[in-house]
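Order as written gives the chain letters A, B, C and D; numbering starts at 1 within each chain.
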């Protein structure tokens, strides 16, 4: 029953969509680091709803209060804790969910698992709102990694069937991420941005939704981070990434495409560049044997379309055992991919910083 | 630095390709269960090399010795430990790997991480041989799950560009797995088996290799197994699956395909079937909110082509800092997908049994 | 850097003495249980300061706000989180602690560990105040255990050199704890209560402090809880108990006294009583091989005298490297043993409930 | 059900008294360190039986085979694994233990916990023999710590009622341990050695046994190792120490004696010595707030008398539910304290090295 993650930094995320507050505790952050709180707020704003046309109209300001772990705005070594109060709650909207589970949501599984005692309002602990504290702590880890010269960025690889060009996995640098962070729909090929927007708005106006793929890159990683077998970088990243609701797949480097390649094609030659060992291509996604190679770490995640659609859907009454038609009301994003982008970066940052601390033990 | 996995059953895998032995310890297996050791041997034989034309000619019998945890062939509650002795070792083959890392292997990352002290022979701890103890303990978990009515099976979804038909994700049953277990290239559409074999042999004869995709299904899971966020079934399975060398991607249910669907299309309607709550389709892959729905759990993994190819490759001399051509010799599988099939089942069984024990705590 | 505990219920305690709030998150509490919040408040009041003559005059109401994990006052399966706001803070009192560490406190070790960035006010994260959230979550575990017929209670075994009689380790029952909970100085021999009070007041009026020993008993445990080696009941209890500041020793059953016994004297004969296997004596303290025997679990902890004494003490200036005399001011308990009693019960309850969940997995 | 310990180095101990082998795996040992295997053997010989008059006559050579984790006798970064084969087994001795549990042993609790499936021969997994692999891995940690200038040693503080003098907790140095390591009964006051020997032999010849207290010291620890609350040095050490069978209590620094001191007496003044911050006395045992102060870390453990005594004892028949007299036969130590000394050092070394790796992450 776990909203805990990590070995060196141990994170606990709490809250339900309509509980008094949501938040996060984090043990193991280094004393002496002063996070840029304004930048952290800007990072969290990329996830927050209500900021653009593709997002729910709910106004959640996601303003957080730091409860502990800081002194004079500097990490003091004590566990970090912060909360975000839940203000814009409309509990009455959710009265029917206990009986008639929404397709694609956790209503049914929560009902079974928690024997009817779950907090169904707004999806409870399963709400996408719980990614706000994830971004809060991940945003701090992003800043901690930057101190080490490690940068994380991502773009929308696709929305429905509209595809952006991929990252240059060989030459990717931290500077490539800067402009992405200010785009509502962060893409590399600016031409696809409008098409993506159209696809989202079209789905939304039809009472439907769309999904997409996010590609994430991490630059500046020294070779040697990560561990064999079950603590490889793939394992570590995947085990936190699937904590973001709606993510149904992850691939590293060439990923699923490597399955139809020849070995001679998929293998990345080692070369010397500027006196350093590098690879000429980057199908391995910066990871061999679970361990970073020093090349950019590249992965992609599949985000399913928002399960909250306004078209009538088939469901069942758990009480009567009869099938019935469900009509969802309320305020929902026709596409959560744009808001999932910072969540993916936050999750990756937590995993990478945790692995980085393991790496430091043996220096 | 971790070859540990698990919370309720805690697994430790040890060994190098050419160390005196490889093996596994497992804490938390239930006292009183008598594994069918002959069946376990048969399961491990599916992974062992040398059994068919697509595999290396090395003869590793993978015969294991149980060191502890049993009394009269029954689990006794003490930690289980077993070893497989390494017999057919040819250490001289690997003398050049320390200086000139093989593309696609962990030679370079191990050199950096372990500062030159790694055991490079045969890939050391990164060798695919370490999946033998994984299959050993996973094979026991498969039998433990069967006691609960839970069955695991898989087929080769693709080799290079040759594709099998997918599992019937709605009606899949444990019986569907039986015939798959006796096929060298387990597929649902028998027509593709020969084409896959041809593709593998063609790659091998050309000194090259091919990869593929494995689809795994788990039936009989009650609804309610798995936990929110970081201990969802996706997280748990992914975090062990990436411990299998060469796996570069995983997707659950519709996975990456869901990213180009509409929500109305991807959502699975709830229905009543035989008096039980089920879904009409199974794009969710049996998992909602990280928790099993009672529908078959379905996932696919991408296996990259064997990095050991016999064509000349570009690499570097770490000592001299110069690029050089590498020619790999020895005995290698032109395609490891067939042997990876039981490894995927084993890893999934460990993850699911561990989650199942968490589930039992609250019954 | 860890304020995390537990395997099945995972607890994270946060806060500093003078941070905006202190609190706790707990993952893994069972859905459907409705804690008696009034009783929980009464339990926490036993720890709170200001309630009697032996305690600091600070008024910390320790009123908590539940942030998540509940629905209609019932645990809902989502992580539990609660906070206690810090109101009565006087930060100016602590200005000199950064330079001149108090003997017996963590001022010096925190300065070194956190490189001067620690929050020194009131002892920061090392303050005894952090036992309030421990009692909050432990108080819930006490109620959960009572549902299983397991009861926890304790008495003050000694203050300075004044000794209470020990628990009847063979016949101890949950009813024996009831009257102890309402005593300010909970003792079995009412005659020693006044002497203990005198000793505390005498120490306090002399600017000094006294310590003591607490004996804790746990009844109703079925045989079979706990695990061999590092997850034995002794290990589990000790590893949380030392999280209470000022505890410097723990012993189970006859403990240190067993070291001067003969084996024939220390061994507890097995007998049949009311048709059940019991032991005639209980030197083993209810634990053999790390596992409960079904007899009362008994342990004692040593609580050092409050390090905050008002007599002049020798310390050093970390800045100048010179020795200097330190005079502590402010409000401090001359003896923390009475307030430590519920903390010991809370910590034990968490450890036992966590072990109980492991036990349930194999039923 | 756990024979696992550790966070940075993760240890798994396996085996039963009469299983084919016992052994240990350890993940996280640093690549590049070459343990002195002869010295390791000598360390393990201090624990091995049969070497002196106070020990069982069983001949267990405790010769170990390293299965993995080494290359050319140097740690290579892969998980370390070693086994000790069980040769001198006499399984027929133990036939009656399943029905009639020995007082003071885990026979009864194992029967209940494992539902009759436990391996009762020789105590199974609960046998003191399982401390051999603990000493194996602890012996390596001792050598690793010495590389950092950290030394561990211990002496017998008491046998029955015969007491040695205590360590000089202020001036203790690593050199003080050298002569202790070569004594069969390691004591500081050579005059008590013969009296202890007499007490042991007297107990043995009377068919009885005696216990004692071991004092352990750790020198050379820098200030700042250990963490607040549940990962303090006391918690870490206690949670592994209770994995040694027969240990029933632990105290740090003044421990239980501090409970009858005044605060002014128990507090250790800070002083400057040779330009460094030290304390004038060491009642705190080198730990404040869970974190090392740079003073010697001192703790004592209570070892109960060997439960295997040859005098007739009362027990029960689990089958018939009747009380019966039990007469233990075989070969047993009249006092296990001498052989427990290296076990305590080994366990402490593992805990300290694990904490040291956490410390290194933040340097």
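Simple rule for what comes next: contacts are C-beta pairs under 8 Å (C-beta built on N, C-alpha and C of every residue); 3 or more make two chains touch, one makes a residue touch a chain.
Model, not experiment: these values are computed from the prediction.
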{"item": "Chain whose Cα centroid lies at the greatest distance from that of subunit C", "value": "B"}
{"item": "Which of B-C and A-C has more C-beta contact pairs", "value": "A-C"}
{"item": "Distance from subunit C to subunit B - Cα centre to Cα centre, in angstrom", "value": "46"}
{"item": "Separation of mean Cα positions, subunit C and subunit A [Å, integer]", "value": "39"}
{"item": "Shared-contact residues (touching 2 or more other chains) in subunit B", "value": "1-4, 13, 31, 78, 110, 113, 125, 228, 358, 362"}
{"item": "Of subunit A, residues touching subunit C in the complex", "value": "1-4, 10, 12-16, 19-23, 25, 27-28, 31-32, 65-71, 74-81, 83, 110, 113-119, 124-125"}
{"item": "Interface residues, subunit A side, partner subunit D - complex", "value": "7-8, 30-31, 78, 228, 357-358, 360-363"}
{"item": "Residue numbers on subunit D that touch subunit C, as the complex places them", "value": "1-5, 13, 101, 103-106, 108-110, 112-113, 125-126, 130, 158, 160-161, 203, 208-213, 223-224, 226-232, 234-236, 238-240, 242-243, 245, 247-256, 258-272, 275, 277, 279-280, 283-285, 288-294, 302-309, 311, 313-316, 318, 321-323, 358, 362"}
